[in-house]
Amino acid sequence: MDVIEFAPTPEQYGWSFGGTAPIRRVRPGSVLQLWSDDAFAGRLRDTKDRASALLDTRYTNPQTGPFFVEGAEPGDTLALHFVSIEPARDWGVSTTLPLFGGLTGTTRTATLQDPLPELTWVYEIDSAARTVTFNANESDHRILLPLEPMLGTVGVAPERGEVRSTAVPDTFGGNMDTPEMRAGATCYLGVNVEGALFSIGDGHARQGEGESCGVAVETAMNVTMIVDLIKGGAPAWPRIEDDRHLMTVGSGRPLDDAWRAAQVDMIGWLGGLLGMGKMDAYQLLTQISESPIANMVDPNFSAAVKVAKDLLPPMRAYGGMHQHLRELAAGL
Amino acid sequence: MDVIEFAPTPEQYGWSFGGTAPIRRVRPGSVLQLWSDDAFAGRLRDTKDRASALLDTRYTNPQTGPFFVEGAEPGDTLALHFVSIEPARDWGVSTTLPLFGGLTGTTRTATLQDPLPELTWVYEIDSAARTVTFNANESDHRILLPLEPMLGTVGVAPERGEVRSTAVPDTFGGNMDTPEMRAGATCYLGVNVEGALFSIGDGHARQGEGESCGVAVETAMNVTMIVDLIKGGAPAWPRIEDDRHLMTVGSGRPLDDAWRAAQVDMIGWLGGLLGMGKMDAYQLLTQISESPIANMVDPNFSAAVKVAKDLLPPMRAYGGMHQHLRELAAGL
Amino acid sequence: MDVIEFAPTPEQYGWSFGGTAPIRRVRPGSVLQLWSDDAFAGRLRDTKDRASALLDTRYTNPQTGPFFVEGAEPGDTLALHFVSIEPARDWGVSTTLPLFGGLTGTTRTATLQDPLPELTWVYEIDSAARTVTFNANESDHRILLPLEPMLGTVGVAPERGEVRSTAVPDTFGGNMDTPEMRAGATCYLGVNVEGALFSIGDGHARQGEGESCGVAVETAMNVTMIVDLIKGGAPAWPRIEDDRHLMTVGSGRPLDDAWRAAQVDMIGWLGGLLGMGKMDAYQLLTQISESPIANMVDPNFSAAVKVAKDLLPPMRAYGGMHQHLRELAAGL
Amino acid sequence: MDVIEFAPTPEQYGWSFGGTAPIRRVRPGSVLQLWSDDAFAGRLRDTKDRASALLDTRYTNPQTGPFFVEGAEPGDTLALHFVSIEPARDWGVSTTLPLFGGLTGTTRTATLQDPLPELTWVYEIDSAARTVTFNANESDHRILLPLEPMLGTVGVAPERGEVRSTAVPDTFGGNMDTPEMRAGATCYLGVNVEGALFSIGDGHARQGEGESCGVAVETAMNVTMIVDLIKGGAPAWPRIEDDRHLMTVGSGRPLDDAWRAAQVDMIGWLGGLLGMGKMDAYQLLTQISESPIANMVDPNFSAAVKVAKDLLPPMRAYGGMHQHLRELAAGL
């Protein structure tokens, strides 16, 4: 089993999905031990820091990658299993950015109101105690929250030669900002270009569903993952599997469309796995779907649709790939 | 403690929020033991039954109520605690309706495509075993699902003299179709008219988040609830509290607006309970919000925003009303 | 030909569609000479006036009506021809209202930003010169604009016993706020209740398409109109015909749905008038549709779809009703 | 004055905004005489032709360009004046494509319904008579429509290194599909990259506002245009000026956001030209805006906002650039 360690220098950061030359070639079955900087490339560190002064806010979510997966061809399915996602720092940062976020007019939902104030919060991360500490800006509140690390961005190169900002989630994955992208999960992505060219980044020590203000507890991450490849079977939208759930993640605007995409993809997935007709799968999903919002802040919004495996008859998605990768991970 | 039993005859069914004379007067603190018919008034019973043939599909969700709560005035807060919600039948029904549902063009999202087929599913409900059994229409699949009863509609008379269909969720509650409306929950609704005029209905033996096809496992319900009243403090949107979560429920189109309403209301609620400024509460909610979609099918879509109490410092919403009602319920 | 004159006293103003007893009974073919107060019932008169101080802003658009049309039954089509719509005052008023309008967060599209300032503009109306004069608040700009009077609200009682605020546009017409509702136009509305119960109001000395800030040049109006009735044929959405165009008006949120509704209704109308199949009518409309936005500010947004009659083969909508009413109007 | 003639070979067609090497360098002030193929690269010619069989429908709107404008730097404003846009063929074609268009579920607004039928219409174009003839597929209707040629796509390379499909409209222009892009108009686009890298394509012999089915009367075009450059002043969104109107074009989803963007940009433009405060410009625009929908079918929807110059005090946008280019054009 190949084990590849890689931590990019700032010059090696990737700032797009597509349009970037691969940083490494990896074989299916490889283990990657990666480091990924935070969404602001570490430039926000103090409650007095302001993103609009310290960086070009059009460039966020520096990626570790892209990786060229040998043998991956358009129409194939990339399987990315996250063995561990652990903070690489003992602090994280969040902020409000002018005209960005879910509860403000934005550059896309333009209003004439004054922007909300730009403020920064610094969180303490205690990986041993598994806590993230919120400190209010305007009062003395100090609240310990569970550490629940995740990756905001996991994506491949888009189809049709498009190059998209690392702020964008879409069919190629990208900045989905779903808390479901945690250790123990396997993400399935359709391959659009030779080598797939996947990358990861935007680590969050924790994040609420919807990511209301647009910025989670941003921190650098150490990520151990296993890369595998399934020939053919490319899903229309990103899928995630963990021990308890099958999930699909749709992205679009309005949120209605993100949800619709995830639902329709799940109906197709369930129908195929269970050998069930479209209308029956629609009916079944109506009664068992979990539908947490992922993000309401990015250029596309994202919605996850989850189905608990224990509600379903026994089935093996992608030939048991998730279980296979869990077992490999356990042996590391 | 007053105990009021009431099961409406078909002539007594309520078909709107507002515009209906009260069926009973109740004092705050009363216990209600109610029966509520299913969304189709029991007219769909067989997989061969078709709603479009058997009923006027513009009239669904017959209400039990409205109840006039003594002393309730505009600006007050009604507290409805659900002690138990139990199926009153051993079967439930679901269906697709032409041009209704989340994954089809509808009368509001008009397209030129042919409608999906109209199909009906009948579920077996085993209250002792706590199961609901799905039987596929086109194949032999038979899947046992957990019984998780809930009420689709809980609402008061709207403000401004409006009269709304029982299909509609809005600031007055109504057809929110959130699985959070289950036994053990307390729903807080702002009072718009003297007496509040609340009603309940649309029992679901279970429902997925989003209610994709538009119809859950519809069944008649026996509901035991306690009604209480808080003077003043009317929330802008419905709120729900249970032992583990504070919740707000926004409704609107697109789903974005439902989510925004619920988030903004939660920020105001948290800020008030914790004595925290708006921007700090926005930041905190960003990291702790749970955001399950409630319905993507009704005239307004609905989204719940949940905050786990164990993530927050100790606080008592509405003076500890939920705990008080839980204790009363335990003594019944 | 009956000629009915009516100017309501403030106690007679109608504040809803549906739920109000008829103020007069009229026979099809009657001429009505009506006066209608402005959207604020005349309470805003000076640039220093503030709606939020002077009135309950939930109550706007006082209606003149409702009128009971003899013989009108559900499923029929009401034809309302506007012979003249002329300002009844030499001034009009516009204003911004907190959290209302197209370019601000609102009560339905909730954000955390501060509201825009509440300001009032007073316009001079010169009916002889056919001008409306804009005077800037913060500078010396004074701009003469053409007087182009129209009615913001024209509606009937909703179906299903609903009662809706006079702020709402929907299938029953209502607060569509389209500049197409001008003298010379015939509005066709589906009848939902016996007598139709139509009303008019919300006169605008002029209004841009979209009504960005939410408030046009509001003024009282003298309206001469002819009421007629077509048995059957109720359209799904309001339709308007003038000498040059056939029009449909859809309402909903987001604006996408308003446009879709108007397009689908126009395809059905064109198909029926021309004897053309659905796909051909869709294709034809694709190349000839005019699509002005009506309002982006009300509880539902509205979009008009227009087809120029001179692009079409000769046809007579509703048996030539518009031409008939034009001739009657010419004879008044 | 440089005069550059260019007609691309199929190998030279551009299939994206950004990511393509310039085909020519041009100096500001140059005249370009261009030929542009139709949206389907001429592959649909008969009513029996089906796009899904004859081409990769992900690749439409082949561009003529991109052109590198000497001296153009990020933040500058490119002025593109269309002297003439004339059909290069005596036929045009339209079609329905499965899961594409405004009145059907799509790949972005996913539903479970069957797609609409895929049909093709061939139009006769008579440039001398200025007519476009519609021939129905299912009946004998034959309708002569006015020839009103326009360009669906006019765009520059996007910011941030993005590469976007030629199906997409956004801040960089692109596939806006607005009938306002006709001969006599000047389009202003913000420059994002050195040389601007603009291109044109997607000629329509005519198109309705909204482009309901997603495909106009597609035909190859001969285009004469003048290219000029204004240092600085890059607008946030594309702007268009003709002899009668100032226009802005916003794009986004839902259509609400496209309209909002165009409105806010127009308010800034008007405010600057007239020396008027934001709130006064908002008020003025409320009463004078024309708001035709451009497209409801592309990955972003587009809305134009128009202001008639004759309603405004005398002013000169961009130092009178449009008038200057009109005069140059008259001298060709």
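Order of writing sets the labels: A, B, C and D. Residues in every chain begin at 1.
FYI, contacts are C-beta pairs under 8 Å (C-beta built on N, C-alpha and C of every residue); 3 or more make two chains touch, one makes a residue touch a chain.
Computed from a predicted model, the values in this text were never measured in an experiment.
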| item | value |
| --- | --- |
| Remotest chain, subunit A as reference, centres from CA atoms | C |
| Pair with more cross-chain C-beta pairs in contact, given A-C and A-D | A-D |
| For subunit A paired with subunit D, centre-to-centre distance based on mean C-alpha positions, whole Å | 35 |
| Euclidean distance of C-alpha centroids - subunit C vs subunit D, Å | 32 |
| Euclidean distance of C-alpha centroids - subunit A vs subunit C, Å | 47 |
| Overlap residues in subunit D, where contacts from two or more other chains coincide | 103, 110-112, 116, 253-254, 256, 260, 263-264, 267, 279, 282 |
| For the subunit B and subunit D complex, residues of the former touching the latter | 103-105, 110-116, 254 |
| Subunit C-touching residues of subunit B, taken from the complex the two chains share | 15-16, 18-19, 58-59, 107-112, 159-165, 236, 250, 252-254, 256-257, 260-261, 263-265, 267, 278-279, 282 |
| Sites on subunit A touched by subunit B in the complex | 94, 96, 102-103, 116-117, 119, 121, 132, 134, 136-139, 141, 143, 145-146, 206-217, 253-256, 259-260, 263-264, 267, 274-277, 279-280, 282-293, 296, 301, 303, 305, 311-313 |
